[in-house]
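Encoded as structure tokens, the structure appears first; notes follow it.
Chains here go by letter, A, B, C, D, E, F, G and H, matching the order in which they are written, and residues are numbered from 1 within each.
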Amino acid sequence: MRLTVYLAGEIHSSWRDEIKEKAAALKLPIDFVGPQENHDRSDNIGEEIIGEQPGPFYKDWAASSFNNLRTEVLMQKADLVIALFGEKYKQWNTAMDASAAVALGKPLILIRPEQHIHALKELSRKANATVENCDQAIKALKYIFD
Amino acid sequence: MRLTVYLAGEIHSSWRDEIKEKAAALKLPIDFVGPQENHDRSDNIGEEIIGEQPGPFYKDWAASSFNNLRTEVLMQKADLVIALFGEKYKQWNTAMDASAAVALGKPLILIRPEQHIHALKELSRKANATVENCDQAIKALKYIFD
Amino acid sequence: MRLTVYLAGEIHSSWRDEIKEKAAALKLPIDFVGPQENHDRSDNIGEEIIGEQPGPFYKDWAASSFNNLRTEVLMQKADLVIALFGEKYKQWNTAMDASAAVALGKPLILIRPEQHIHALKELSRKANATVENCDQAIKALKYIFD
Amino acid sequence: MRLTVYLAGEIHSSWRDEIKEKAAALKLPIDFVGPQENHDRSDNIGEEIIGEQPGPFYKDWAASSFNNLRTEVLMQKADLVIALFGEKYKQWNTAMDASAAVALGKPLILIRPEQHIHALKELSRKANATVENCDQAIKALKYIFD
Amino acid sequence: MRLTVYLAGEIHSSWRDEIKEKAAALKLPIDFVGPQENHDRSDNIGEEIIGEQPGPFYKDWAASSFNNLRTEVLMQKADLVIALFGEKYKQWNTAMDASAAVALGKPLILIRPEQHIHALKELSRKANATVENCDQAIKALKYIFD
Amino acid sequence: MRLTVYLAGEIHSSWRDEIKEKAAALKLPIDFVGPQENHDRSDNIGEEIIGEQPGPFYKDWAASSFNNLRTEVLMQKADLVIALFGEKYKQWNTAMDASAAVALGKPLILIRPEQHIHALKELSRKANATVENCDQAIKALKYIFD
Amino acid sequence: MRLTVYLAGEIHSSWRDEIKEKAAALKLPIDFVGPQENHDRSDNIGEEIIGEQPGPFYKDWAASSFNNLRTEVLMQKADLVIALFGEKYKQWNTAMDASAAVALGKPLILIRPEQHIHALKELSRKANATVENCDQAIKALKYIFD
Amino acid sequence: MRLTVYLAGEIHSSWRDEIKEKAAALKLPIDFVGPQENHDRSDNIGEEIIGEQPGPFYKDWAASSFNNLRTEVLMQKADLVIALFGEKYKQWNTAMDASAAVALGKPLILIRPEQHIHALKELSRKANATVENCDQAIKALKYIFD
């Protein structure tokens, strides 16, 4: 039995690589998918595909079309979603993806730093499990196969 | 035909009163529901109901149980959700509620200030309509009945 | 038992008035809802609510946000959808609404002129019933209560 | 991860071949499905299977049964739907399939020429992304795998 | 709390009157709905609405359109379905409606005579409860309110 | 806004009366529904309706048909489910109803005594909120309306 | 792309072999599943598994448990359902399975003899396509892959 | 055709091994999944992953997070659920998992000892089939493939 896991969350650090490497080291039969991790490309993908827009609002609208398309296709393929909040940034997409996962019946592991316990308490209560780092998330993934 | 509208978003300003008053002035047949707006009570509701907890993490966990219960009951009653982002705060609950509304098939109006256009572009793209203030949201509500 | 019926289709003729008057004459317990029938207002509603846009494409995009919001709220309230195709115009919104009704499990009556039998054969086959004029649609509505 | 993509839309041009060839050139792991592209066969399939009918209306009704059966089986297999509108024809089946895709939760890319921006604005607003030609659609497909 | 109950089954006897009278005598807060009980009208409704057809096959096809429309609208309103099999006739519509009720999550009471126990065993096993006459069905309805 | 609340759980104590009286004292706009509380009648309802059975296994099978019918009709009407575990008895129906509520998307409040914390930990984790007595459950209901 | 097709209907003739052989001759990539075709075994499976029952009613009840279990597992695997009515027998299971398929969103091909056109008109109207023999059903299957 | 079967129920005996061995001996194409069977590990998994908790209540809450995550992922993969009740213990998780299976549309086989017939009558009535031991459950699995 293989699982597909969608990795939602910030694209400013290499946490996805850490998850993938540790899962590979444990030989967990998991295929990981996720958003476009090149930040500039994610911001520019609208103009890259449909051409120049009349200003930043419209550039953002175009980019979000293709980013949402990607997320929707891949999240529907996922058996499980992991959503990571870092210490900085607004991270509204992370909250959006985590909440969509719960509403769609996709099991959710939330990773969030201690400092965000209070601000994320309602989202954390909706998740199946909340942990503080990637190591703990890997242990949770491994437990599914043990 | 009456509609029930859930007002998701920050509880630090009186934007819900503005919406309700303007809807009343226009005699729109709408019942408004929403989260607990007393911030302290929202934070303390867990201990208020099930008693003192062994620390802030557990106090938050208890409070979020009852806040989520309330939101889930009331959002299921809603025909439409309006989610407002203010200029400050993390507002992860707003993103969570807005995303849940979309995933549950509830039509969504997003209200967000101009400065958050970029950070909210993917959530905005999922909403049925995005506006910048309560007056515009009221016009959108009124248009449904015109 | 009252029913709510959504009247999808062109807004260039007064067919909705005909349906409503005939249903009233028969005292059918039906509440009718439908799209904005003032064509200019439907085209301008985006700029009316969120202000001037940088060109016709963006004006259309803004208008469609509020038109879709309205349709989604009202169609979810409907027990039955009637979709009318006239003899002229592209009427892609009519096809869109009729198909959405079927996919959402809303019973559908299609009204289409004889000349469009061939072009609408697949949509007609998905409808619960297809008729050629409003009188026949009224008879179908009446039959539900007989 | 392989995806299945349903190609809805007109069967008078070779746009599906263009999509398939370009996807093959990029080695995208995609299986394409779609409607019967032989127009005469699509019109005659009813009589081909269940025999001669008493007139064109009944011939159309018979053909649409098997065309809809095919579409329903294949669209349920699809992870993503691309719907193309050409410059001519009524294309009500395209609007029907695109709208059904959205209602069924299938991500949708709309391809439509500039001249149809206004007439397709509401359907375009429901799509995940709208583009103007096959090259742009291929870029959107590729972005999912990048 | 009022319930709506759909009465599926044969239209050759007056069993629906018996159910309605006994429920009224017990003052059960129930609204009953069901198919067209005038057999001739049920068979002719297609031609009554859309005009003469080229033969009995097409007359049946037309009639079934409006009969299915009626059933679909009314069954979606129902909280509970009662399906009665008599001793005679094929009664395939009864089996069809009873099975649809189960698949749609509508609680089902089956009424069938002793002689059909074997032939209806699989359908009976899917029903919430199976009884042999209207008196027993009324007791089951009453038990919901006791 | 009125709510309907299903009260699942043991029928050996008068906890439902306590809930109803306290809700009435607070004038909460709630309609309460629940299982048959007369234990003997609940056990005998099968034979009461369809007559004597060939042994206790078949008597139980008959009774459970009508008890499940009642529960299914009433739980589908509920906006919220409260499930109470007492200190004694197996209470498998309580676990069954609570789990069905969660799976059906009905918000769930679990009431369980301290001694069952460990044995009910997985079910408690699925509930929206877990409390230890009826007073706390009433506070949770009241909070929804505050 | 392979399809799984559930073959519902009578088990007194060899129509399933005919379908399978013709599909194999055409090399259609289809896996066929269906009910237990040994009539005696189907009737006795309850007592075969859980032992002797106190009479024919209880024997039927036991058998139907395992027959329904089998059907439910296999039909959930199916992409398409073919339901055949023969000229004789009540065939209520066929009507039940065909109706369940439609309600579950499984595309349905109905095979029924000319003499049953009238009695099956409502079920036929719900099917995607209705044919009169296995050859026509095979042509419909083949058309999906052409 | 392979099936995935989730084995819910007590983890104090080796009944899962018995099921797996007998299925293997019959060469049934089945993949079995289920909960963590090491009781201590199941109780400690919360502290194992997220660290020491401030007391047994919180230890249980943490453990149940990961146990529920595991169950939710694996049960969503299952085509069929078998739930076994032993003679001892509260077994509320078994009732919870069995009920969730039914509510999610997963076919369910219940295994329960004779002494629990009465207490489990309502859950048994919801199951597709109820048997008394693993041998009978294996026969039911085998019947699906015969």
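Just so it is clear, contacts are C-beta pairs under 8 Å (C-beta built on N, C-alpha and C of every residue); 3 or more make two chains touch, one makes a residue touch a chain.
On a predicted model such as this, the values are computed, not experimentally measured, just so you know.
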Any chain that touches subunit F and subunit A: B, H
Equivalent interface positions on subunit E and subunit F, same or different at half: different
Euclidean distance of C-alpha centroids - subunit B vs subunit H, Å: 39
Interchain centroid distance [CA atoms averaged], subunit C/subunit D, Å: 23
CA centroid of subunit B to CA centroid of subunit D, Å: 38
Contacts with two or more other chains, residues of subunit B listed in rising order: 61, 65, 68
Touching pairs - complete list by chain label: A-B, A-C, A-D, A-H, B-C, B-F, B-H, C-D, C-E, D-E, D-G, E-F, E-G, F-G, F-H, G-H
Contact footprint of subunit A on subunit B as seen in their complex: 56-57, 60-61, 63-65, 67-68, 71, 90-93, 95-100, 102-104, 116-126
Complex interface listing, subunit B residues touching subunit H: 54-55, 58, 61
Touch list for subunit D against partner subunit A, complex: 1, 3, 79-80, 105, 107, 109, 128-132, 136, 139-140, 143-144, 146
In the complex, subunit H residues that touch subunit A: 4, 31, 33, 36, 41, 45, 48-50, 65-66, 68-70, 72-74, 76-77
